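Here the chain labels run A, B and C in written order, and each chain numbers its own residues starting at 1.
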Amino acid sequence: MSLLSVTGLGIGFGGLTAVGKVDFSVEPGEIVSLIGPNGAGKTTLFNMISGLYLPDRGRVTLDGEDVTAMAPHRLAARGLSRTFQNLQVFLRMTVLENVMAGRHLAERGPILADLLALPGSRRRSRATEAAARKLLARVGLERGAERDASELPYGALKRLEIARALASGPRLLLLDEPAAGCNAVETGEVDQLIARIAGEGIAILLVEHDMKLVMKISNHIIVLDHGEKIAEGAPGEVARNPKVIEAYLGSQGGKEAAGALD
Amino acid sequence: MSELLQFLLSGITVGAVYALVALGFTIIFNASGVINFAQGEFVMLGGMSTVFLLDAGVPMLPAAVAAIAIACAVGIALNKLAIQPARGASVVTLIIITIGASIFLRGAAQIVFDKQIHRFESFSGDEPFVIGGATILPQSLWVMAGAVAVFAGLYLFFTRSLLGKAVLATANNPLAARLVGVNTNFVMTLSFAMSAAIGAFAGVLVTPITLTSYDIGIALALKGFAAAVLGGMGNPFGALVGGLLVGLIEAMTAGYISSAYKDAAAFIVILAVLFVMPHGIFGRATVERV
Amino acid sequence: MRTLSPKYATLIALIALIALAPLFFPSTFYYRIGALIFINGLAVIGLVVLIGYAGQISLGHAGFAGIGAYACALGPIHLGLAPVLSLVLGAVLSGAIAWLVGRPILRLRGHYLAVATLGFGILIYIVLNNEAQLTGGPDGMPVEGLGLRGLLESAGFAVKASKLWYWLAALVMLAGALLALNLHDSPTGRALRSLHDSEVAAHTVGIDVARYKLTAFVISAVYASVAGSQIALMNEFVSPDIAGFLHSIELLTMTVLGGAAMVFGAVIGATILTALPQVLTALQDFEHIVLGLIMMLVMIFMPEGLVPSLARLVRRRPR
């Protein structure tokens, strides 16, 4: 059974179809990439899968369970976590606290215990702090964990979001343009990080414009255009698909995709 | 039947005033995203200034015009001195600034004017008209006609004039409006001036019926704010509908249930509407982009 | 060397404030103002949880103060409850009402939430004003005192009521501050603060946003209720104004003026705005002008509130 399976998923805004009817699935431990020109509906698809938008049609299942339009916090409890294209970092909290908040599902407890700082509450906080520090080390942010998140540079915030998403203990991680706005070195770091996460058995659904990155790390690629799936398959097949080349024709992505394979 | 008509007429009269105050909230909100809790003070300024100018021997029409001009100047000053310097502050901070402004204006009014309750002569006497068994004061007709004139004038302004379209563009997307050459600072100033003028105009019209004093502003601001939200914040048509609804609910409750609970009824309806329509009756639901 | 954690720093500062202030009191009248400051401080600490932690707004929290106050007025008469138990009853009632009302209200955002809370507060005020046979209407009603002073007297300690209330209110506020500070760095506190910064992100890491907003609303309602009860018990009198819109605004302004994000800032806000009118009455007719001016100036030049802005100023200075 697929970990994530999307069937006939679609949504429109004010009469305009943003996503038509999209089908695809993600197997455990796989890296699947969603690519397509700007406005193809990739982020909208993410928002439907992660419960932020209510789809007009179609179904999303997680491990066979129908989770269509389920509230995001309940999806997180079922092992689905995500990052955001336009960062959604908790800017008034420290770097460490951002990741600790990500471990909410594991650290939450009775509110009364938290108000009274009972031993149980303190124990949960300590366990969370230890886990959060480990995650920060994993994304290379272990130094300056006590700083306010707002002081971090852009690339570091991207990695902080990944650490926070990992803190919720996902089996499926949705990454929305993790390398956008990063320089070559930072992109390389993101690339390695994604590979390491996948190596630990966490499936990844990726939206990314950096074709080199996509072609290099994906097991499977889905191509969207105008809200419809126009192709899917292994990186090699997709890059040679005439429909894909047409969708990207004249755009930088097509050339890069072809170039990345050479 | 004549009883119902009577309540309808008084509801529409009060509702017209609420609608004008709500419109003031909406205009400023659209231009700047600020909820101006000093909106009620403009109504007070309009009424009180007219009273004191009349006392000084100025005839009615020039006194009313001058009162509206005074409120306009205060509105512009409020924008320049208190709102623009705080641009980018949080909703709560801005609410406290405008509440501070409202307290300040009330304090200033009690010194410049006084703490008494005032009224001046109705424009066309106090001989009520009888319609279908119900009576209506000539001044109520003035209030209704004034509200109609303001809403109609504003409609023409927003749809026909370039400046009006610039204001609408600013409301929709300030950055884009700036990029196409709209002077958004001027639009903000204009909005405060317009809101102040509308509020003061309402104050001039309604004082012969409801009387005025330095402290009437806050109650009007609460009703006007509630009416604006009921109709859908930022929608001028919503302000009209919201204002009339609040006025009618109050009049009906006062007439048929209990005048002590007329304010309660208005707020219960507002809460009920918001529970079903979280963005008011004509408000747009926005999709959060992430 | 580890620096003092904000929690202990705040507690020590508050204790110092409480213990040292009486040294400067020219008369026992000042104990009463001190007690008022601490009572307001308690309500405001509750609002720090709602506004500063969770980022939600309320223009109607005086409504809960009203519930707490009238619980103490009515409990002893109609239910035969001791004043202290009436206070507890009021707190439970406020929490329950906040839970019921909060569920639909907190789905609203920004200005819509502001209007809904405003409406709620006004409704409570109207009920207290109009149910005259129960509440005495606008004239208010007497409240049975706490009886603590008589108890102490019979044990041989004669204490002035104002002094007793000073220490009692201080103790209650300290307890309230301790709980709020505990909450800040707890799992619940992190959940509240994260939904303040980004509701979507909080949602996607598994935080039940609606539930935590409601939690903050209930906690702040209980704080406001206990504060209201204390005012009624101290004054041995209560009138509907305690639930009025102006009282809600007063509490909100105290919270934001000092700095909504931190307990200490809010207590400073409560101190300033409680003491200020006492000073400003000397200005008589100019009282409102000056109060309005101070509110505007602080918010324009220190939008985060006095304490955080001043703290930043100090930190920025070259060492």
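Just so it is clear, contacts are C-beta pairs under 8 Å (C-beta built on N, C-alpha and C of every residue); 3 or more make two chains touch, one makes a residue touch a chain.
The model shown is predicted, which means the values in this text are computed figures rather than measured ones.
Among the chains in view, C has its Cα centre nearest the centre of the complete protein Cα set.
Taking each chain's centre as the mean of its CA atoms, A is the chain most distant from chain B.
Inter-chain centre distance (chain A to chain B, centres taken as mean C-alpha positions): 48 Å.
In this assembly, the C-alpha centroid of chain B lies 32 Å from the C-alpha centroid of chain C.
Averaged C-alpha coordinates give centres for chain A and chain C that are 42 Å from one another. The residues of chain A that reach two or more other chains are 52, 84, 88, listed in rising order. Shared contact sites, meaning residues of chain B that touch two or more other chains, fall at 288, 290.
The set of chain C residues that touch two or more partner chains comprises 200. Against chain B, in their complex, chain C makes its touches with residues 51, 57, 59, 104-105, 107-112, 114-116, 118-120, 122-123, 126-127, 129-130, 200, 245-246, 249, 252-253, 256-257, 260, 285-296, 299-300, 303. Interface residues of chain C facing chain A in the complex, by the touch rule stated above, are 179, 182-183, 185-191, 193-194, 196-198, 200-209, 215, 219, 261. Every residue of chain B that touches chain C in the complex is listed here, in rising order: 29, 35, 82, 85-86, 89-97, 99-108, 110-111, 218, 222, 225-226, 229, 233, 258, 260-261, 263-264, 267-268, 270-271, 274-275, 278-280, 288, 290.
On the chain A side of its complex with chain C, the touching residues are 50-52, 71-73, 75-77, 81-82, 84, 88-93, 97-98, 100-102, 104-105, 107-109, 111, 114-117, 121, 124-125, 128, 164-165, 167-168.
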